[in-house]
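Letters A, B, C, D and E name the chains as they come in the text, with residue numbers starting at 1 for each one.
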Amino acid sequence: MTLLKPAFGRALGWVTLAALVVLALFGLWGAPPDAVQGDAQRLMYLHVPAAWIAYLAFGITALASGLWLWPRTRSMVWDRVAGASAELGVLFTALTLVLGALWGRPVWGVWWAWDARLVTTAVLFFLYVGYLALRQVPTSPEARARRCAIAALIAFVDVPIVHFSVTWWRTLHQQATVFDPSLKANIHGVMAFTLWFGALAFTLLYVYLLDRRYRLAALEEGRDDRELDVAIAERVAGAGTPEARRPSGSVEAPAGVSR
Amino acid sequence: MNLFQEAALVAGKDLRIEARARVTLQQVLPFGLIVLLLFAFALDPDRGVLRRVAPGLFWVTVLLAALLAISRAYSVESENGAIDALRMSGLDPAGLFLGKAAAVAVELVVLEAVLTGGVVLFFDVGIGSLGPLVLASIAATVGVAATGTLYGVLAAGLRVRETLVPVLLLPVVSPVLLGATRAWEAAIDGAPSDAWPWIGLLSIFAVLYVAVGMLAFGPLLEEA
Amino acid sequence: MNLFQEAALVAGKDLRIEARARVTLQQVLPFGLIVLLLFAFALDPDRGVLRRVAPGLFWVTVLLAALLAISRAYSVESENGAIDALRMSGLDPAGLFLGKAAAVAVELVVLEAVLTGGVVLFFDVGIGSLGPLVLASIAATVGVAATGTLYGVLAAGLRVRETLVPVLLLPVVSPVLLGATRAWEAAIDGAPSDAWPWIGLLSIFAVLYVAVGMLAFGPLLEEA
Amino acid sequence: MHPVVRLRSAVCLLGRFPALAGVDLDVHQGEVVLLAGGNGAGKTTLLRVLAGLLPLHSGEASVLGHDLAVDRRTHRRRLALVGHETGCYDDLTVRENLTFFTRAVGRSADDVDAALGALGLGPLADVRHGRLSAGQRRRLAIAVGLARAPDLLLLDEPHAGLDADGREALDDVLRSACDQARTVVLASHELDRVRALADREVTLVSGRSTTAPLKAGVR
Amino acid sequence: MHPVVRLRSAVCLLGRFPALAGVDLDVHQGEVVLLAGGNGAGKTTLLRVLAGLLPLHSGEASVLGHDLAVDRRTHRRRLALVGHETGCYDDLTVRENLTFFTRAVGRSADDVDAALGALGLGPLADVRHGRLSAGQRRRLAIAVGLARAPDLLLLDEPHAGLDADGREALDDVLRSACDQARTVVLASHELDRVRALADREVTLVSGRSTTAPLKAGVR
């Protein structure tokens, strides 16, 4: 039911928590304030790792979707991993957007700028929000897995094209106006460490959350064979109804099945 | 029957239905024109702005009209459980995909032709170099028809089809929106050399998604 | 049951279905946001027009999302021939109208709230005077929900429902687009006095179409 | 007493096709009338005319004392039409659907429970409509009609899709309709089964009616 | 010879509900098998499994020599499923619809005409599907299945909505299927009628199969 051994998962939880605390200490006090931006720059230690982990999460979604589609490795495990990872990816993308907006306010004076990277991030967000909406549509687990796996790959294929189109849009006509690439040029040693440590902490967080989310999905689907045996026994006894064992109501065959 | 004969059978069926019901012509097309007008209206007919943003408006409008056209293409497949019949038809899914996408593309081309007239008229836009403009439009149309047909079938058996397709499709076709808009801008400005990279991008998008569609249509057509 | 109890029964039914299927929340809302983003981007945001046209974009987006919300509201009534069942239900058509329009309005209010956040964020728009803005939005929402519900039922029994409603509805709600945009502009500029005439217009529109709806819903529900 | 249904040379056009081409029909309070006729004879059309869903092109129609030329809506509160589809919402459960349509005519939860019981839908009460099988849906459609306690019950091929139990249940419904002096008009191809219960049979042939008494002088 | 249909402890889940909870079934070339069972027993589900529309959760299924666990699509060209709905396009005529689905499997116009004749649809050949009555639609659905000249014909309650003539025509279809050594699996609640024609009866009870021979030793 879980990706990690339960004991390991619990331990990972504590380690993650500790790492986040350390990150907070370093981010708030360990690292020096930025010469230009002052304390606002401390948001970097969350913003950048969040963005990286979002990429990682979508990559894992694509990988798991591919593994589901590949007949030899087909297993509901991959479907759940894909779904869980996409949710986390959307979460971390949202975090990137929110933190970026919070950062942009003091630094740029606006919440949002029509910079290429910002727009691609937003489109990425909506690509996978759509994917999650698709996951919520009631169908049978297998049908959902197939649809979503293909949709995840279609979305993933689109990411580089979106990236290019948006970047070209900016560069072919005029240069980016607000985004200041010189920011990362002379990054202080402690700052660099904090950033890398942030990436590590967020990776741990990602793995931990993925495991939790996976477990929840597995529980919701509740299709381990013992439970199925009970369902079959009920059905054969004429007692089971399609609704009886359904906690969430999220699984349903498509309209038309029984017409 | 080979792949193309099957595609022709399907496209013929769809176009015949359109010829009878005239939904694209009598409903989707006016919708596009109204949207164009409303945009012009909402964006403050401060002429200068309008003319500059005309290509963007045009392509946004085309995408919205395409959403309706695709909705229609699959509403036809949803009546009387036709989607099951398609599954059972024994037609090659790749042929089905090509046929349906071709029918949508034909409808979109007609739509775009009229809307182009609308833009030229309403927004007082002159077209500098027609060649790149037409090429870009064709590549964009193929891309939109392919992705639309693909997402359409993905949602075809679902009760939420009407609302699901737009939210899935729009982010995916955003490169088409950008590429086609830029290509149009270049073509209108009479600077075809600026248009070519975008036409390249649009073509890659189109080819890619036609290929993906031919592969993925089969599995997506299955309900489980 | 009196009129309002009947309306509550119908609205409750629609909102319960939405609570289960979450179509507006999970599909229509993201659709609205992505439309906002793509439109803004296609209009080339650096040219400084964006902030000025933000109210217009917002309301165009709301209208497009409303089209989907209405489409959904009647897709529910079209499955399993529910529209006949509604006709036969014995419910007062005015109550039916109020109930369905209320459910749509509730969904639209949620949608607008989120989209307003999007506009504030993306377009860097500050809101000068909140009161007129909220009032204008409410009046506009009632107007759109009323007209949408009315045209929705007109097309409800038809196979071309999905495409017919947009083309009928958009022209009719264009005064809302205009009024709400102007009212928003005034509210954003912090010039509430400029907003009041538009709010008046929107209110008249809303009252008018609620009244028309209560009268016309019955005949339109009947199939000729 | 006025007849519950009274049609005189009723003509109903679907598009330009005269689906009813002159139908005369009288149905009296408490009668169970079988509407027979081949495929395409016009049975469904006739029932929809009686329900007020289709207008007449010419001829007279009055149902439950209302002249349909004047008002096709008011009598619907006292009437139920069970068609091919349930008219229910896929995302609502059997009980929620029943409750909605029952409360719409001001009936209570007891009627819902009684109808659930009568059609053997008790175990399915909390299942969503979208998950029902064809026969289960048909039962629900009949239950909705029943729970509204109509004065006139119109049934369009109610047997289609029902299993043996379901048909028994339907027979019971028809019998108790007789007992409660409820009027029923029922279109069906299960002629033998229905003839055993019906008071009278009306056959439509190509949109025209030909009546014949069935049980002599029951009412 | 291999059986045309072979199911072993087939379990099919709809959502999480085991609509089929262990079905064993063998159907041999040329047999006409009646699938009986109450509402919700799983007949429609079983037919859809055989058509490859629904995957099995566990158990084995092979149809026309194809293992459905491996490939649920290829055998569909040699198979026809007649369900509750026609699957036809409202804006196309009866003949156009038939032609579309017949050409899809490479059959000719003759098959279309034969099927039109067999179901008495000749006079309706140029009527659009959207204008057909319920029974006429059912006839068209059967005609589509027939015109594809399938090796295995799956019929889901084909009698529902058919008038007396239509049922005769359906009987003829089943009889000629016997003559042409075509295999038929037919779910129906018209037990008496079908028993007279079927070689064998399989009853589903709550998702399980219980077989009994019907005509001894015909095949």
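Simple rule for what comes next: a contact is a pair of C-beta atoms (placed from the backbone, for glycine too) under 8 Å apart; a residue touches a chain by one contact, two chains touch by 3 or more.
Please read all numbers here as calculations on a predicted model, not as lab measurements.
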item	value
Any chain in contact with subunit B as well as subunit E	A
Most distant chain from subunit D by Cα centroid	A
Chain whose average C-alpha position is farthest from subunit C's own	E
Chain centre separation (subunit C, subunit D; CA means) in Å	38
Distance between chain centroids, defined by C-alpha means - subunit B, subunit C (Å)	26
Subunit C and subunit E: spacing of chain centres that average the CA atoms, whole Å	46
Length of the line joining the C-alpha centres of subunit A and subunit E, rounded to whole Å	46
Subunit A, residues touching no fewer than two other chains	123, 126, 129-130, 133, 138, 140, 142, 166, 169, 241-242, 249, 252-253, 255, 257-259
Junction residues of subunit B, two or more chains touched	21, 79, 81, 84, 159-160, 164, 167, 170-171, 174, 178, 222-224
Touching two or more other chains - residue numbers and ranges from subunit D	84, 90, 130-134, 137
Touching pairs - complete list by chain label	A-B, A-C, A-D, A-E, B-C, B-E, C-D, D-E
Residues of subunit A that touch subunit B when the two form their complex	69, 123, 126-127, 129-131, 133-134, 137, 139-140, 142-143, 146-147, 150-151, 153-155, 157-158, 161-162, 164-166, 168-169, 172-173, 253-257, 259
Complex interface listing, subunit E residues touching subunit A	11, 13-18, 21-22, 44-45, 48, 54-55, 57, 83-85, 205-208
In the complex, subunit D residues that touch subunit C	51, 53-55, 72-73, 76-77, 79-81, 83-92, 96, 100-101, 103-106, 129, 137, 144, 148
Subunit D-touching residues of subunit C, taken from the complex the two chains share	1, 6, 9, 13, 16-17, 20-21, 76, 79-91, 218, 222-224
Parts of subunit D lying in touch with subunit E, wherever the complex brings them together	14-15, 17, 37-40, 44, 84, 131-136, 138-139, 157, 160-167, 189, 191
